[in-house]
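Attaching a single structure in structure tokens format; questions to follow.
Naming follows writing order (A, B, C, D and E), and every chain is counted from residue 1.
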Amino acid sequence: MELIQQLINGVSLGSIYALIALGYTMVYGIVKLINFAHGDVFMVGSFVGFYSITVLDLSFVPALLISMTVCALFGVLIERIAYKPLRNATRIAALITAIGVSLLIEYGFIYVRGAQPEAYPNDVLPTDKFDIFGVSINSQSVLIFGVAVVLMIILQIIVHKTKIGKAMRAVSFDADAAKLMGINVNNTISATFAIGSALAGAAGVIFGIYYIKIEPLMGVLPGLKAFVAAVLGGIGIIPGAMVGGLLLGVIEALVSAAGYSLWRDAVAFVVLILILIFMPQGLFGKNKKEKV
Amino acid sequence: MLKIEDINVYYGNIQALKGISLSINEGEIVTLIGANGAGKSTMLKTVSGLLKPKQGKILYEGQSIGGKAAQSIVKMGISHVPEGRRVFANMSVEENLQLGAYLRKDKAGIKQDMEKVYELFPRLLERLKQQSGTLSGGEQQMLAMGRALMAKPRLLLLDEPSMGLAPLLVKQIFHIIEEINKTGTTILLVEQNANLALSIADRAYVVETGRIVLSGKSEELTASEEIKKAYLGGH
Amino acid sequence: MKKKKLAGAFLSLTLAAGVLAGCAGSGSSDKSSGDGDTIKIGVNLELSGGVASYGQSIAEGLELATEEINKEGIDGKKIKLIKVDNKSEASEATSGAIKLTSQDQVAAIVGAATSTNSIAQVQIAQDNKIPVISPSGTSPEITFSKDKLNDYIFRTSFIDPFQGTVAANFATNEIKAKSAAIYIDSASDYSKGLADAFKEQFEKNGGKIVAEEAYIAKDTDFRSTLTRLKSDKPDFIFLPGYYEEAGLIVKQARETGLDVPFMGGDGWDSPKLVEIAGAKALNDTYITNHYSSGDPDKKIQNFVSAFKAKYKDKSPDAFNALGYDTGYFLADAIKRAGSADSTKIKEALEKTKNLQLVTGTFTLDEKHNPIKSATILEFKEGKQVFNTKINP
Amino acid sequence: MTTIKRAKGFWLSISLSLIFFAIIQVLIGGGSLNPFYQNTLMFIGINIILAASLHLIIGITGQFSIGHAGFLAVGAYASAVMTMKLNMPFTLALVVGGLAAALAGLIIGIPSLRLKGDYLAIATLGFGEIVRIMLLNIDYVGGASGMQVSHLTTWPWVFASVLITIIVIRNFTSSTHGRACISIREDETAADSMGINTTYYKVVAFAIGAFFAGIAGALYAHNFYIIQPSNFGFLKSFDILILVVLGGLGSLSGAVLAAILLTVITTFLQDYPETRMIIYSLVLIIMMIYRPQGLMGTKEITSMFKRKGGSSHENKNTAA
Amino acid sequence: MKTKTPLLKVESVGIQFGGLKAVSDVNVELYPGELVGLIGPNGAGKTTFFNLLTGVYVPTEGTISLEGEDLKKRPPYKITQKGISRTFQNIRLFSELSVIDNVKVAYHSLSKHSILSSILRMPIHFKGEKEMDEKAIEFLKIFNLDQYKDEKAKNLPYGKQRRLEIARALAANPKLLLLDEPAAGMNPQETHELMNLIALIREKFDLTVLLIEHDMPLVMGVCERIYVLDHGQLIAQGQPEEIRNNPKVIEAYLGEEVS
């Protein structure tokens, strides 16, 4: 029973990772950039949600939508200002910029409002606890998992069935060829950032409701973990991010369950390094050969 | 229809095109021939907007398109089938064709053109749902051309359509190029197989290290001893 | 061939440039701690970072005390506070102390709020012979480490073992707990110190420790460990952490169906705790603390009203009280020393006896720890309710 | 360009540096340099070593490593254990700190054999975090609350370490071995095809770089009274990265210059940590957009002093 | 010539990339001192073949041996040290390094001074570096590049970059030199000069050369034998005259209408 309970704990933690990883993986898939700032967009989303609920007195759904919208705009802004000028620069330069953007958001945010944490109101969503055969399930964890799955499906539909989704895939595969189709590569990349950041915003609000405490540096670790999840599932692959996130959550829960909770983060990074070395394409990816 | 005046194009600080001028009339097949690295592909990329000329003018139907973004050039009716085909290997044949019509909004027209492409390339119809990465080289070339045609171009830029293809397929492809031309599409063809290119082209330009060194009617050039010596391997 | 010469010259030049640039800023600071009418007191507190809430609270209390003291002055001199923010990091606390002792040349330092950040200043204070008073550092190691008294270091609060012992007795006598689990913040000496004392006393009382778990500050998901704890079926859980995590843990514990009483130390004392955990989840939880604003004692009520007057009707928490007390603790010593000389202040601090302050009446023992009472508070629907006062 | 002449220049630069050293030493002895400035000076020295060591890995060999704080931590803890737990002399502690970090460098060098670019970056970041979490869980070194360390780092130690670091890294770089490393940075496939054992040199660069980071760690530990795992998080790695990027990827003098500049700025901004981080991050972003080659590019400061006539003989050193 | 033992022996070598056979069943023998051409249409697998020879790719089938020694599964740098060096189709110089340093990198594997001797600046370091300097200048002089020796490689004009790449490949002291389209992007004048240069270095360094080239006159003019690759398979081999008249070659490569 305890094991099942732990698996459920892992799945709800993993759902958060998955939500962040979905956006991460999209952005990486299209611009091949580890967008370090993604975790910070998540943080901003969480705060936007917080202020929407406490200051504007809104309920869950409008707060979620506002947060997603703000984050989408924010993501596009980041891309246009910081990443677009580096479209043809080395990947290292882009990575350094991403680190810079991440630090700027974090400390700019602290500069503006201070580093103190905020607490989401406890009553945004009802928390019902139901017990099935001794396993207690929180209605909120069901909700988180549900939202993650729904968003993943929506994302999958957008990417595979819509015109903009096709454009995204085309740009990610071969930007020059995509241009020759008449695709506006810049707009497509912006759209990717918008969608990815909106997902991060959604994750932020859900995180706030589930974990209550939010603070300006809250995005750092979940951001890194989400990246691990994306790599685990095969970077650039949407279902991969989902599975990678859930798997990472379960791994962490099991590590804690075994009494090694202090090693939880280390295990996540060990997983990252092992995957990078032995299976860089991830669980769902295909291997690609470098062209000489 | 297309008029290029004295353009210079650079990759970093290496000059790839040095003052090239050429013109194409409506309905023609014009070919660029020349050795690898001579600048033929650069020429096409510059016309389709993938590269920007540092100096010089490109006029398409009287409008200057030099330095314009690729998507607006596609919109004006120029499609480019790039070297190496560059099909979206992670997508199905059908999706590739749909992407070709990315800028078009006329659903009926798209459907009609899709049918036309199937007529030209029946093989594509057979493999509609297949991932295009799994197609053979020849089928990929057909897909790349079909995809370009979906944009309803008036000027089609073809880069090395024969590359890596078996002779029989090359023949087929070139036959289709002629067909496309007959329906009123003007064609600018880059080809290393000079003989073949000259056999279907009206006129040709010979490019050498970024310069045009010779131009004229195909028949004249085919007959020219100089061409034979340089490109056909004669002594 | 010229290259190496130039490289060397370059090295020297750049180093020199660095030094000069460093020196350039030195002109402005005046060099004495006691000149004229002011006594410079350094304040090295957690004004930002993870436990900023403590540092800020202490600063508020200290400022109130300074204001009151400066109305009359100490022998005509006024206290001037020079604040340094250690960002809740030990290394910043160290450099802050270096700055205060060498740059600002203060007579004494108040800080830091947490044990770890206080320990980070010990060596500098000892080397420079500047007294440091930690208002709320509860680890015994601050004043007494490696079998040696750190003679320039003092504190206003009681020490960890006392809090832990009080909590264990409370668990055995009031809650009637037979078994207990301990869940500590392994990033904190404070947390470990309380846990050790609790364990010792609880086992002495005949109780059984059924589980010992740990987390690290800034963790957010505790459900897996709480699930483990639940299966160990303790009667009582001792959670000597800080409010951010303590709040999350209590909330998640209740969600996991872990409904036993929780108890913590003064680290829980922050209004954020209630916001994070929620009022309902906090029912049946207790803390040991330095004082209670609900205590009817007259000295305490005077402080509460003065504080409310200054800070927009805010009810003072224990850290406000400790900051306030630290101001008077220091002022009393300066007055008795009759000078702002650091060594004399230190000597006077050591002789503090029966000083009546808000958080108790205290006398310093030979390890520089005040002997004073602890208060037990219970949370009821989000409010701290005075439970009992326990003397050592 | 004979051996004797080269040696002459070398000794001249050494003596100049020694004079500088002596001046500072006298200032400290005479009390005109208070502990605050001494501390700043030590910090500058430590940062120079860190910047120079990361420069070898990133700037010269092109292995994008953002886990340098991990090596710093290994050096700091190893040396602290030597002095505080085993009562060994500081000299030995310094060397052990360096060697322990070099060993860690060998270990992290191994993934670098299979990973490139941003994947390597993220793996090294993970490595740094693993080191930190391991230290967090070792009670012997105090776990999360850290370890108290005696103050043993003095100006002569810092100066000597800086000098040795710069000489070693410079001499390594401007030799055929350094050129081999640069060729890996420029084009690994081509380097491989030119007979360079790329595996070997990547690991060597990691090991040497880590060694000096370890030395810096030992100095750091014995300068700050207390070390905690939280001092060695990835923000610290980013701090070091900023030094190298700002100075110019591939320029030793640039890295040194940036170390001095930023340490001084940091000292002045001590009370405004957010402002400092905002400035840092803006510097990174603006630098990458407008001057991705950094302050110095791959140039060394010495090349600026050269007359035109002499340049044909000297340039090859500067590139190397 | 065929009575001698071959320098390079390639036996039924092939490689697959994800099911696609890029090169299959290729047999090539090169004899000391030969200058051999490798031609074929774009995408025929010529560069892939070079990558197989130099260890960048490991063949999925067949064997490659140099002077009777198996090269399969050796890392590229070992193969270079054994005596095969190459140039690249799309020039891959160390662009931030100076011209002379580019050459010295190739000479590195022949240097003898250790890392320690360089760090301590021992006499052997200076001796070694001096030797490298002299050797490098020697190569640069042959290619008429010595006046640019301190220029960064990326600042050279295209044609000179091509020449530098060959100089660099030579500095690795190969027995077999692989040139991947050395004349690409050159005008006839430059191509002509290059042709002479290749002939010269073959004599001077006693080299065997394998050349990928599209420029037919160049190939026909300098090569003694020619292999023709199409769709990853050898379709013909022989002397230039035979190749010119081989119907398979004409069909695949030159176009069928050539008489």
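Throughout what follows, contacts are C-beta pairs under 8 Å (C-beta built on N, C-alpha and C of every residue); 3 or more make two chains touch, one makes a residue touch a chain.
Note that the structure is a prediction, hence the values are computed from the model and not measured.
Visitor: Quick check on the contact network: minimum steps from chain A to chain B?
Guide: 1
Visitor: Averaging each chain's C-alpha atoms to get its centre, pick out the one most distant from chain C.
Guide: Centre of mass proxy via C-alpha means gives B as farthest from chain C.
Visitor: Most remote chain relative to chain A, going by C-alpha centroids?
Guide: So the chain farthest away from chain A turns out to be E.
Visitor: Which chains are joined by the largest number of contacting C-beta pairs?
Guide: Counting C-beta pairs in contact per chain pair, the top pair is C-D.
Visitor: Please tell me the distance, in whole Å, between the geometric centres of chain C and chain E computed from their C-alpha atoms.
Guide: Inter-chain centre distance comes to 72 Å.
Visitor: Would you kindly tell me how far, in whole Å, the mean C-alpha position of chain E lies from that of chain D?
Guide: Between these chains, centre-to-centre, one finds 40 Å.
Visitor: Provide the C-alpha centroid distance between chain B and chain C, rounded to the nearest whole angstrom.
Guide: 76
Visitor: From the mean C-alpha coordinate of chain B to that of chain D, what's the distance rounded to whole Å?
Guide: That gives a centre separation of 53 Å.
Visitor: What are the residue numbers in chain B that touch two or more other chains?
Guide: Within chain B, no residue contacts more than one other chain.
Visitor: Among all residues of chain C, which ones touch two or more of the remaining chains?
Guide: Expected reply: 48, 186, 216.
Visitor: Where in chain E do residues touch two or more other chains at once?
Guide: In chain E, residues 56, 88 touch at least two other chains, as defined above.
Visitor: Can you list the chain B residues touching chain A in their complex?
Guide: Within the complex, chain B touches chain A at residues 48-50, 69-71, 74-75, 79-80, 82, 86-91, 95, 98-100, 102-103, 147-148, 151.
Visitor: Give every residue of chain A touching chain D within the complex, in rising order.
Guide: Of all residues in chain A, those touching chain D are 33-34, 82, 85-86, 89-97, 99-104, 106-108, 110-111, 224, 227-228, 231, 262-263, 265-266, 269-270, 272-273, 276-277, 280, 292.
Visitor: Can you name the residues of chain C that touch chain D in the complex?
Guide: Chain C residues touching chain D: 1-12, 14-19, 21-23, 25-26, 48, 84-85, 87, 89-92, 94-96, 98-99, 101-103, 115-116, 119-120, 122-124, 127-128, 145, 186-189, 192, 216-217.
Visitor: Write out the stretch or stretches of chain D touching chain C in their complex.
Guide: 1, 5-6, 8-10, 12-17, 19-20, 24, 33-37, 39-41, 44-45, 136-137, 143-146, 148, 150-151, 162-163, 166, 170, 224-228, 230-231, 253, 256-257, 260, 263-264, 267-268, 270-271, 273-274, 300-302, 305-306, 310, 314, 317-318
Visitor: Flag every residue of chain D that touches chain A in the complex, lowest number first.
Guide: Residues 64, 66, 111, 114-115, 117-119, 121-123, 125-127, 129-130, 133-134, 136-137, 189, 238, 241, 245, 249, 273-275, 277-278, 280-285, 288-289, 292 of chain D touch chain A in their complex.
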